[in-house]
Amino acid sequence: DEGVVTLYSADGLHDGDPSWYGDQFAAFTEKTGIKIQFVEAGSSGVVDRLAKEKSNTQADVLVTLPPFMQKAAADGLLAAYTPDGADKIDARDKDADGRYYAMVNNYPNFIYNTEVLKEAPATYEDLLDPKFKQKLQYSTPGQAGDGTAMMLQAFHAFGSKEKGLDFLKKLQANNLGPSASTGKLTALVNKGELYVANGDMQMNTAQSTDNPNIKIFFPAGPDGKKTAFALPYYIALVNGGPNTENGKKLVDFLLSADAQKDISSVAKGFPVRTDVKPDDDNFKNLNAMLEGVEIWSPDWAKVLDSLKDDVAAYNQAISGN
Amino acid sequence: MAEAAIAAAPAPRLRVDSLWIAPPLLILAVLFFYPLGLIVRASFGEDAPSLATFEQVLMSSRFLDGLYHTIVIAVSATAGCLVLGFILSLIIAFVPFPGAKMAGRLIDTVIALPTFLVTLAFTFIYGSAGLLNETLMHVFSLDLPPIDFLYSQWGVILAEMTVYTPFIMRPLLATFSTIDQAQIEVASSLGARPLRIVRQIILPASLPALVAGGSLCLLLTVNEFGIVLFIGAKDVITLPLLIYSKAIQEFDYTTACVIAVVNVVLSLGLYSLYRLAIAHFGGRRAGLV
Amino acid sequence: MERTPHIAKPFVASAAPAASDGSRIGFENVSVTYGALTVLHSFTLTVNPGEIVALIGPSGSGKTTALRAVAGFVRPSGGRILIGDRDVTHLAPYDRKIGMVVQNYALFPHMRVEENVAFGLRAHGAAEDVIKKRVPECLAMVGMSTYAKRYPRELSGGQQQRVAIARALAPKPQVLLLDEPLSALDAQIRRSMLDELAKLHRDLPNLTVLYVTHDQSEALTLANHIGIMRDGKLKAFGGSQSLFRHPPNRFAAEFLGRANLLPVTDVQPLDEQMAKVRFGDVTLSARNHHGLARGSDCLVCVRPHDFRFSRASEPNSISGTVLSVQWQGDVHNITFDAGGETVRMTSAPMANPPRIGEIIAVHFDAAEVTLVPEDASHG
Amino acid sequence: MERTPHIAKPFVASAAPAASDGSRIGFENVSVTYGALTVLHSFTLTVNPGEIVALIGPSGSGKTTALRAVAGFVRPSGGRILIGDRDVTHLAPYDRKIGMVVQNYALFPHMRVEENVAFGLRAHGAAEDVIKKRVPECLAMVGMSTYAKRYPRELSGGQQQRVAIARALAPKPQVLLLDEPLSALDAQIRRSMLDELAKLHRDLPNLTVLYVTHDQSEALTLANHIGIMRDGKLKAFGGSQSLFRHPPNRFAAEFLGRANLLPVTDVQPLDEQMAKVRFGDVTLSARNHHGLARGSDCLVCVRPHDFRFSRASEPNSISGTVLSVQWQGDVHNITFDAGGETVRMTSAPMANPPRIGEIIAVHFDAAEVTLVPEDASHG
Amino acid sequence: MLVWSKPWRIATWAVAVPLFLIIYGLPIGVIVLASFSGQWNDILPSNMTLVHYSKAFRSDSFDALKASLLTGVIASGAALVCGTWAALALRNFKTMPKRVLDLLFFIPSAVPSVSVGLALLVAFSQPPFLLNGTTWIVLIAHFVLISAFTYGNVTAGLARIPVDCEQVAESLGARPFYRLRRVTLPLLLPYLVAAFSLSFALSMGELGATVMIYPPGWVTLPVRIFALSDRGAIFDAATMATILGVGTLIVLAILSKVSNRAAVR
C-alpha cells in the first residue's frame, strides 16, 4: 500500500459539487501519485473510531473539530509534526505541542427564515418570544458538534454556566425537539417548518444556494454584545498510521497556500494561513457578516474536561419542564 | 438384549444429529458473542471489575426515563405493526385487488430506505409546514397547524410502525400461501363469516409467523435508534440513543456498555414476555412454542 | 313428530320459515371451469326436498366439483344454482345453510375434536348450553365420544373422517353435501354410519342430501335417485332401482353394477314389454324397456349375478369357456368367453367351482335383463 | 422369467445381493406409544417374501401405525422390526428400501405429477433415461398419463391417490406398504388397479406387500394371508380362505364377512370334522374345525350368503320373522328374528322378496359353517 | 377467497387502499417527489428539476449502489444459509436445550445497531482478528444484524410444513440431504424468500453500525445519503434514496418471481 493515504475526516468539507476536498484530493493525487482513502463521519465519531482502532490503526491523517481534536491529542492518538508553512499559522490556531493545526476556520451562528421574519432576532432573549414556539430548533449539545458549540456560546454570552443553562431551559419551551444533525435544520428553516435554527458559517454559506430563504445572524447577549468563537477544522497526523510519510505529504498539501486560497470560494470557510488573502466575493461576504461580532477563544482543554458534566447539566436543565 | 439395544441406540443418533448445530453456533460465537462479551466485560469498568457504573447508571433519572420510553415505544409500535401487518396481509392474500402484489413489494422497499429518510418524509407530510397541515390550513383557513403529533412519542411510534410492518407481513404472506383452502371453505360452509374465519382458522394458522414477525419487530423497536434520533421527538429518549450519545459524544465507553448490557437484558425480557403471552393465547396448543 | 333422543329440534333458524321445498337443490346448466379447463358442462340436476341423491362416476368426472359449486366454493362460469327457491349462485357459502364433508376432511388442525364439531354451532351463534348438549350427541353418533379432547393429528384416518361427519351434522343443516364421507371406514362402521344417516333422514324429513360416493352399494342402499357422471356431464339419472334395472345407456350399465353388455342384433318386439334378439346363433329374449325398433342392433344388459348354471337346452341360455375363477368370500367371480365376448358372472360360493378351460352353460331370466341402445359415448 | 413389456428389471441395486428372503417383513413384539398412549401392543407378525398380507380391522385399531413402524416413521418403544434378515428397528426410512402409499397420499405439492413419480427414482440415483422410460410406464399403469404435467392441487381425490400409487411403485421396491391405497377410487378403477397389483406381483415374485384396507373383498381378492387387528393387537391371522371359512374367534368372524354367530349349546362331535349342536329346540350340524369339546357351549358361524330359503322340514333349517328387506343392486339383504337372535342373510335379487313380518324358513349346508369358541374379547 | 360478495370486497378495498396509500404511498411519494424538486416551500414543490439525478449520476453514487447491493446480497445470503442451517439443526432438539438455543439465535437482534457497530469495531481492531478497515467488517456487521431474521422466518416456516411429505420422501429412499434439497427446502421456499427479502432490504438501509465501521472505498448508499441529509442536502439525499429504493425493488421483484413459482395454493 505504498501509494495510498487514509484520511478520517469530520463531515463538511466534501459537500457540494465541486467540493474543496474533491478538488484538493484530485490535485494531490496528480501531484504525488498517492491515492486518498477517505472516511467521513461526525466530528466525535471519527475520533471515537480512531480510539477503538488503536491497536490496528488505519488512519494516517485526522480532520475534526474542537474539542474532539483536543480529545484525540490527549488520548495520544496524534503524532507531533511540523508541516511546511506551519509558521504561517497563528499560534491560537495550532497546538502548542505541534500535534494539530487549524485547516479551515469557521464560526457557529444562527439562521432565520427571511420569508417569515422581516428581520433577524436581535438578542438571545428575543428567541424566547412565544411566536417561536415549535418554530425554533437547535442541534442537541452532546449529540452534534454545533449543538455543543451553541451551548458553549450560551455559557459565554450569559456570563456563566448557570445563567447559560437557565436561558436554555427557558428556550426549551420553544424548542421543537432534539436534533442530532445541524445541517438538516437548514432545510427546515428554508421551508418555513422552522423560523430559527443554529448552524455554522461555513456550512450555512455553502447551503445558501440551495436554500435561498435563510440568512445568518448573531444574536446579542444580555450585555448587548454579539460574540462568537472560532470552531476550526483541525488537521493532524495520526500516531502509528500505516502510511505516515504519505500522511505528512497530505497535511503539507492541505495547508499549502495553493490549497488554502480556494477555501473561501469553494469550501465557504476561512483560510487559516496568514499569507493567504483571497479576494473572492464570498470571502468579503463572510468577513462582512462577522463585522461587529466579538471573537472569543474557549479553553478547549477545560471544555473537554467538563464536557460530560456540562452535557449532563444541560439534559438536567431542559428535562425540568 | 433387545431392550438394551433400544435403550442404547437412539442416544448416539441424537448426539450426531445435534452436532449439526455446531457450525452456525460457532459462526455466531466468533462474529457476535465474542464482541458482545467484550462489551459485557467493558461494562464492569476498565481496570478492576466493579459494579459501580451499573449502580450509577441504574439510578440516574435519564436512564429510567429512557427505559420507560423504550418500553412504551417498543410495545406500542409492535402492537401497531402486528395489527396493521395482519390486516394488510389479509387483504393482499385473501381479498387481492389489482396491484396488490406490487403494493406488497413497495411495502418491502420501505425497509430498505434508511430510517432517517422515512422521518424526513414524515416531516414533509406531517410537519407543521408539511403537506397535510398546509393543505388543511389552506382548506379550512386555519392559523395553526391542526396536526401536531410528529415530534412526540406518537410520531416515533407511527414511523416505527411504517418501517417495521413489513417484518410482520412477509412471513404472514408466506404462511397464508400455505393455508389449506379447504379449511376455509369448510368453515364458511358451516356458516362462519369472514371475521370468524380470520379469528378461528387463519389467525391460529398464522401464529408461528406472528410469533416470528412479532418477536423480531419487538426486538427491532426496542433497539431502534435511527428513527428516534432523526425525528428528534421532544423529551423522548431511548436506551439506544443514550448508548449513542454516551459512547460517541461523551466518550464514556463504560457507561455505554452498561446501558448496552441493560438494553440486551431488556430486549430479551420483553421477548420472553411476548413469547409467554403468545403461548398463553394458544400457541402451545398448536405445538408452536 | 317423533324423535330419537339425540336428534333435537334444528336450531338453525331459517330467515324465512322453512317452506317444505326450502331445501331443494337445483343445478341449471351449471358450467365450471378451472383456467382453460371446463370440468362441468351445462350440468342440470334437481334434488327434491327430503331426497337423497347419490352422484357416482369415475375418478375425475366432476363429482367433487359439482358439490363445491353447491357449497359456493367455486363460482360457475355459467348457469344457476338454486337452494329452495333462492338463486344462490352468487351467495357466500356461509349464507347457504349447508353442511359439507369434503374429501380430505379438512379438519381444523389447531382445534380439539369437540371444538371442531362445535365450530358450526358457534358460527351460527348457538347458546353455550345447546353446544354442550349437541356436541357429545354428534360425537356419539359417529362413535367418537372418547376422542373429544384429541387434536386431529392424533387421530387415525377413519377417526378423522368421522369427526368431519359429526362437524357437518352438528348444526343440523337442511342441505347436506357429502363427498365420499365413508371412504376411510371399514364395512362395520360404514354400515352403522349409513344407518345413522338413514335414521337422521327419517327424523328430519326435509333434509336433502347430495352424496358423492364411489361405492355403488352405498349409493343403492341410501339414495332415492342416482346420478352417473362422466367427463363433467350427467350421463344418466333416475331412481336407484330403475337405473340399475334399466340402464339408459352402455356407460350407465357398465358403471353401475358392472353389467355384461352382449352385442345383439335384429330386435323383434314381442309385446309392449319384451323382445327377441339374436346373439350369434342363439335367440334370447329380454325386456325392451327403451322401446327399441324392430330389426335394430343393440346390447343386452345382463348383470353378473343374473346368470345361473343351466343345461344348454334351457331358454335364454348361452355357453362359453371359463377364463378365470376368483373366490371373494361371499361370492365366486367367474369370467368366460362366449362367442368372443368376455362375460362376467358371480355365483354364491361353490364347493366345486368350474375350472379354467371348462365349458359351462348359463341362462338368465328374461324379465331381469334389459335391452340397451348402442351409443357412441364409450370408446 | 417372463415379463410384461412395462415391467423392467428392478434397478434398485441392493447392497447385498437380494437373497430370496430379502424382502420378508417381521414384527417381533413391536409396541408403539404416542405419549402415554400405547397404540400397538406387542405386535408380532411375519410377512413372507413374495406374499401379500392384508391388515384389516376397525378404524383406529392400529393398522396405519403398524405400517408406519415398518416404514420407520415411528420408533417402536419395544420389540424389533425386521426386513429380510436385517434388524431395521433403528434404521432410517431411506435405508429400508420400501415403497409406501400413505392414507392421505402426501403428494409433494411443489412438484408436477411426473416429478412426484420420478422422485424415488431420482433419490436412488437412477439414470435420466431410465426415469424417462419408467415414469410414463407407471403413470400409464394407474391411468394418469394425461395428467403428467399437472400439480397435485389440480387433481381430483382419486387422481391424487393414483399418483401416490405410481410414485410408490416407480422405484420397484422389494417391500410395498399400502395404506388404503384404493379408498378414493370407484369400483371400476379399483378393479383395474387390483389387477395391476396382481400382475405386478406375478412379475416380481419377490415383492412383499403389506396392505391395509377396510374393504374385505379387496383383502380376500388380493391377499395370501389376512391379519385382523383390534385395539392395537393382532386378533386373528391366517390364510384368506381359511380365515374366512373358519374364523378362530367371534371378532374375526364378525369383522371379516359379517358372519351371524348363533349361540348354540351342547356340542356333540360326530367325527373328526363335524359336530351336532342345539340351537333353541332345533338341532344343527356344523364343522368342528377348532375341535370343541363335547357338551360345551359355543357359536355357530353362518355367513349371510350361506342361507337358502327352504321348507321348514329340511335339515339344518331355522325359521324366523322378517325384520327388514333391503335391495342392494346385486343382492337382497334380509334380516330376520330367529329365537331372539337377529340374523342377516343375503340372496340373489328376487322378483318377490319376502315382506316384513312374514315368517320364513332358511337352511344352510353343514359343511359351509363352522363352530367358533365363545370368547370374552367382544363386549 | 375469503370475502365472497362483490360489494363487501369493494368495501374492503375502499378501506385498504387509502390505508395503504396514507401509510406507504405518501412517504414514498414524498421522497420521490423531493428528488425532482428544486425548492419545496409550499404544499407542493416548485422548480421541478432533474439536476439532482444528473449530479447523482456524475458522482460516485454507483460505487455506493454497488457496495450496498453486494453487501446486501452477500450478508443476506450468508445469513440465509446460517439461519436455515440453524433452524434445521434445531429440529433435532427438544424442550429446554431447544429453547436456550432458540434464544441464542435471537440475541443478535436484541442489541442496538450502535452497540453492534461499537462491539465489532472494538473486537476486530485487536488481535486475534484484525478486520477493521476491510470490507469484511461491514459484511460481518450486516450479517450479525440480520441473522436473527432469517432464523426466525425459517423456524416459522418449518413449523408449518407437513411432516407426511418428508416421511414419504424418506420412504422413497431420499437420504437426508436429498430430502432436504428436493422436499424440505422447496416447501420452505416461500419462507426463505421472505427471509431473504427482509434481510436484504434491511441491509440495504442499514446505517447505525455501518457508519461506524465502514472502510474507505466501501461507502454504502445509506452512508452517503446520511452524509447528504446531515448536511441539509435533502433533495440530493432523496434522489439517492430513490435510487436505493429502485435498486431494492428490482431485486425484490426478481425474488418474488421465484417465490410465485414456489407458492403452493
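A, B, C, D and E label the chains in the order they appear, each numbered from 1.
Keep this in mind: a residue touches a chain if its C-beta (ideal position, glycine included) is under 8 Å from a C-beta of that chain, and two chains touch if they have at least 3 such contacts.
Which chain is which protein? Per UniProt: B = 2-aminoethylphosphonate ABC transporter permease subunit; C, D = ABC transporter ATP-binding protein; E = ABC transporter permease subunit.
Being a predicted model, the structure only gives us computed values, none of them experimental.
Chemist: What chains do subunit B and subunit D have as common neighbours?
Modeler: Intersection of subunit B and subunit D contact lists gives C, E.
Chemist: Measuring centre to centre, with centres taken as mean CA positions, what chain is farthest from subunit C?
Modeler: Taking each chain's C-alpha mean as its centre, the farthest from subunit C is A.
Chemist: Per the centroid of Cα atoms for each chain, what is the distance between subunit B and subunit E, given in Å?
Modeler: About 14 Å separates the centre of subunit B from that of subunit E.
Chemist: Measuring from the mean C-alpha position of subunit C to the mean C-alpha position of subunit E, what distance in angstrom results?
Modeler: Using C-alpha averages as centres, the distance is 55 Å.
Chemist: Using the average of all C-alpha atoms in each chain as its centre, how far is it in Å between subunit A and subunit C?
Modeler: The separation of the two C-alpha centroids amounts to 89 Å.
Chemist: Residues touching two or more other chains, restricted to subunit E: which are they?
Modeler: 1, 4, 40, 118, 122, 229, 234, 264-265, in rising order.
Chemist: Of all residues in subunit A, which are in touch with two or more distinct other chains?
Modeler: 45, 48, 181, 184, 191-192
Chemist: Give the residues of subunit B that touch two or more other chains, as numbers and ranges in rising order.
Modeler: Within subunit B, the residues that touch at least two other chains are 120, 188, 205, 244, 247-248.
Chemist: Which residues of subunit B touch subunit A in the complex?
Modeler: 61-62, 65, 120, 123, 127-130, 148, 151, 229-236, 244-245, 247-252
Chemist: Using the touch rule from the top, collect the residues of subunit D that touch subunit C in their complex.
Modeler: The contact residues of subunit D facing subunit C are 34, 56-60, 63-65, 103-104, 154-159, 162, 179-180, 183-190, 214-217, 220-221, 241, 244, 254-258, 303-305, 326-331, 346, 348-349, 351, 367-368.
Chemist: Using the touch rule from the top, collect the residues of subunit C that touch subunit E in their complex.
Modeler: Result: residues 72-73, 90-94 of subunit C touch subunit E.
Chemist: Taking the touch rule as given, give the residues of subunit E at its contact with subunit C in the complex, in rising order.
Modeler: My answer: residues 1, 4-6.
Chemist: Can you name the residues of subunit C that touch subunit B in the complex?
Modeler: Touching subunit B from subunit C are residues 12, 68, 71-73, 92-94, 96-100, 102, 104, 106-111, 119-120, 122-124, 151, 167-168, 171, 177.
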